[in-house]
Structure formats: structure tokens, C-alpha cells
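Notes follow the structure.
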Amino acid sequence: MADDPTSEYFAGNDRDRAAFEAGIKLGSIAHQYVGTPLTSASAASLERAIEAATRVQPLVERVRVRIDRKRMRVRGPYRYGVLTEDLLDVEVAVRVGTARAIGALRYVPELDYPLMYLKAIGGPTKD
Amino acid sequence: MADDPTSEYFAGNDRDRAAFEAGIKLGSIAHQYVGTPLTSASAASLERAIEAATRVQPLVERVRVRIDRKRMRVRGPYRYGVLTEDLLDVEVAVRVGTARAIGALRYVPELDYPLMYLKAIGGPTKD
Amino acid sequence: MADDPTSEYFAGNDRDRAAFEAGIKLGSIAHQYVGTPLTSASAASLERAIEAATRVQPLVERVRVRIDRKRMRVRGPYRYGVLTEDLLDVEVAVRVGTARAIGALRYVPELDYPLMYLKAIGGPTKD
Amino acid sequence: MADDPTSEYFAGNDRDRAAFEAGIKLGSIAHQYVGTPLTSASAASLERAIEAATRVQPLVERVRVRIDRKRMRVRGPYRYGVLTEDLLDVEVAVRVGTARAIGALRYVPELDYPLMYLKAIGGPTKD
């Protein structure tokens, strides 16, 4: 990351930053879009918008967003729901130098909790 | 609105509610999506997602969302911006019985302010 | 509202605008804060912040925000919840000239829906 | 973190997770509250609410939030502004086992960018 002007502000190594950046992206997604009105018909456009907005953020290599139509709760007189963290299934890969982190967000039934976790982290090779 | 189970909760007439619902939609849009990471490349998907999410809300007849690419401010080492209210140009039409309101949000240079206003309101027929 | 420079942009009368502005405030509240991490211990500070942020908005006379501690759902390994629309009980009064609207947001069990409605609307004087 | 039921879902070590969790908290703050209406008078209540909401999240040891009154832009006919990322000065410490990360968010004039960075990361002791 020698050419990245932000590097001088960072403590730690590239791997630390990869983990940190993966966390930023997941925290951002959960708190930007939760509350968005939602039906099965509108879910695909929201998935695409979240992916596009995540790709423009620093160091993102790859992102995939799915909204769980089966868990979606449509209700009330107007028959729609809202996006909740529980409906999100996200995977985002970030790269910092030769280090890479894959962060994930998904509802874990065993925990009754929408967990954000590091699915993989590695490099640089001899760190 | 005789068949709408929410009617009994409302003071006022259909025209009042049309104005109220138009306000809800604009307030919702501004506060749900402001802060979303943004470039020219991602703007179209966000426009579509906002329109789709607005259409699922009560009593919406029509909605159009444009993000002003010219006023968009791309900056920093990673060359992206975020959605601000000033970038939004929104028009939403709601219908309640025979009353209809058209609400708009756009940046007004003379006021230096992203104004939400009633662009049109009318009905019921002899209003 | 002769002295308000935004007046010329508005269709309709002061009563229409009062209803519209009440809607804006409720839509804004719901979509700005839903998703905020929450426990009984943090709820009071969020209520105060929402009230303070609403008071700075145009034409607001009075606002009251309550978060329903009894319906709050604390869960998962870390024992916290998030703000949902269902937890909000809001009342906001706006004044435009001699017209006034009171908007409310509360969960209505009969509808299984967090309803935003006009609780009162009146004026100008001979309404 | 032997007693934390989420541990089994995580790749990497405690230090990786500390960096990841610090990122989550900063991403969450930026995207939850940006757009909130704001004046000098309302800023303190929002600082307190953000701190309280951050403290209820997993593994947070300490958090401090300041909103920059000097950079705040009050404008338009109603003389208020909104929270932007540039106004936020945040420091959050998270602890995972014996590892600890301190994440920060602040506007960096040299970069013209609200940077989220790792201010410190360390442990477990011989990592």
C-alpha cells in the first residue's frame, strides 16, 4: 500500500487494515439501508443498489448482497415490509496490499442474531 | 377511502391526507438514503432502488427520482462521493380517494436549500 | 406565511402545507433512526436526540418521542436490539400561518402496522 | 474469547476480529446518523445518543463522539444543517480476548476526506 496516501494514518499491518475495512463495509450496509420499504418486487433493485454503492468504497474487490424473500415479512393494510438486518445475506472481499479479508453478514438461527463475521483472512504471505 | 381500514384514525379530509402522505414519502427518501456512497456509475441503480421502494408505500401513484450527476462531488483518495439531499430531484404523486397531491424535493439555488414542497394539490372534485 | 421565502414554491393553502410538513417530519424520523442499536439503558438518549433534531426542522411547534421499552426486543449473544418503527410513539405539531397539523406515529395492534396519521388538523380560522 | 458463542464463526485470530469490530462500529455510526438535522443547540444530544448506541454493541470498551460545531454548515431559510461524515470525530476502542483495536473517524484536510483508520492495534501479547 506504498502508493496509498492514507497508509501513514494507519497503525498495524495490511492484514489488520483488511479486517478493519471489511468491518466498515458491513457496518455501513446494515445501517444505511435497514428500514427501506420492501416487497418481493422491489428487493432485486435494492440488492443491486447496495452492491453498486459498496463497490465504489475503498479497497473492495467483490461484493454480493442477497435479501431473503422467504424471511421477508409483508404486513399491514398496504402489504409491504421493511429491510431488517435479519434479511441480509452479504459477502464482501477487500484487499489491502497482498492481504485480503472476506467479511460476511447473515442471520444465524442458532444465535438468533444477524452476525457479522470474518469468513476468511489471509496474507501477506509471511506476515 | 371507505375501504381503507386506516381511515378511521385520520383527522381531516382526503385532501389533508394526500398532502400528509406526500410529505411522508419525501421525508422518508431524504433520510433513508442520504449518506449512500455514490459515483456516476452507481447513481442509476440507486435511483431505481429509491423509486421501487417508494412505489411499495401506501397510496403512491407515481414517483420519479433523479440524482444530479453535475452537482455530485467526487473527492478524496478513493474518488467517490455520498448522496446528499442537494443531489436529489424527486417528484411523487399520491392519491387518497379523489384527492391528489404532488410533492417535490429539489435544491433551490435562490434559497441555498433542498426544498420539499407541494407542487400541486387538488380534489376532491369541488375543493 | 407572507414572510416565508419558500411560500412561493407551494401549491395549495397553509392547511395543505401544515399536513405536508407533519408528514415530512414523521417520514424523516422513521427512516433516519430505524436500525439504531438499542437497549433500555440507551433509549432515553435516543428519544432526546430525535426530539432535538426534529425541533430544528421547519415549522415545528412541538414534538414528543417515546420508545416502547416493553415491546423492545433484546436478543442474541450480546443482548441488545435495534430501533424499529413499531417501537416509536411520536407526536409532532407543525404550524403554518394560522393552520396547524398534529401528526402521529404509533404501532396499531388492530392493523399490525406502525401507522403515521393526522391526529388533528385545523385552521385557517374558519375551518 | 472461549466463552463467546460467535467465536466459532470467525476466521483469523482475536487481533483480526478486534480490527474488524472497530471497522463495524465506525461504518455503522457514519451510515446511521448522517443526514440528521442539526444545529449547535442539538449537537450535544446527538453526540450522547451515538455514544450510547455504540456502547450497547458487541465488544466496545470505550467510545467518544464529537460533532465539529465550527465546520457545521447552517443554511437556508430555516437556519439549520445536517450531520455529514466530515463533522464527525469519533474514537472507539474494542476488545477481543487480549487483543484491542482503536478505530477513529475524522476529517483529514490533507486528503479532503473523512478517514476511518486504525489508530492503534495490539495484542494478544506475543502476536
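A, B, C and D are the chain letters, set down in written order, and residue numbers restart from 1 in every chain.
One rule holds for everything that comes next: a residue touches a chain if its C-beta (ideal position, glycine included) is under 8 Å from a C-beta of that chain, and two chains touch if they have at least 3 such contacts.
If you're wondering where the values come from, they're calculated on a predicted model, not measured in any experiment.
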| item | value |
| --- | --- |
| Relative to chain C, chain with the most remote C-alpha centre | A |
| Selected interface, B-C versus B-D, where C-beta contact pairs are more numerous | B-C |
| Geometric centre distance via CA averages, chain B-chain A, whole Å | 27 |
| Length of the line joining the C-alpha centres of chain B and chain D, rounded to whole Å | 30 |
| Geometric centre distance via CA averages, chain C-chain B, whole Å | 17 |
| Shared interface positions of chain C, touching two or more other chains | 5-6, 28, 30-32, 35, 77-78, 111, 113 |
| Of all residues in chain B, those that touch chain C in their complex | 5-6, 9-12, 15-17, 19-32, 101-103, 108, 110-111, 113, 115-121 |
| Chain A residues touching chain C - in the complex, by the definition given at the top | 30-31, 34-35, 75-78, 82, 84-85, 111-113 |
| Chain A residues touching chain B - in the complex, by the definition given at the top | 4-6, 28, 32-33, 35-39, 41-42, 45-46, 48-58, 77-78, 80 |
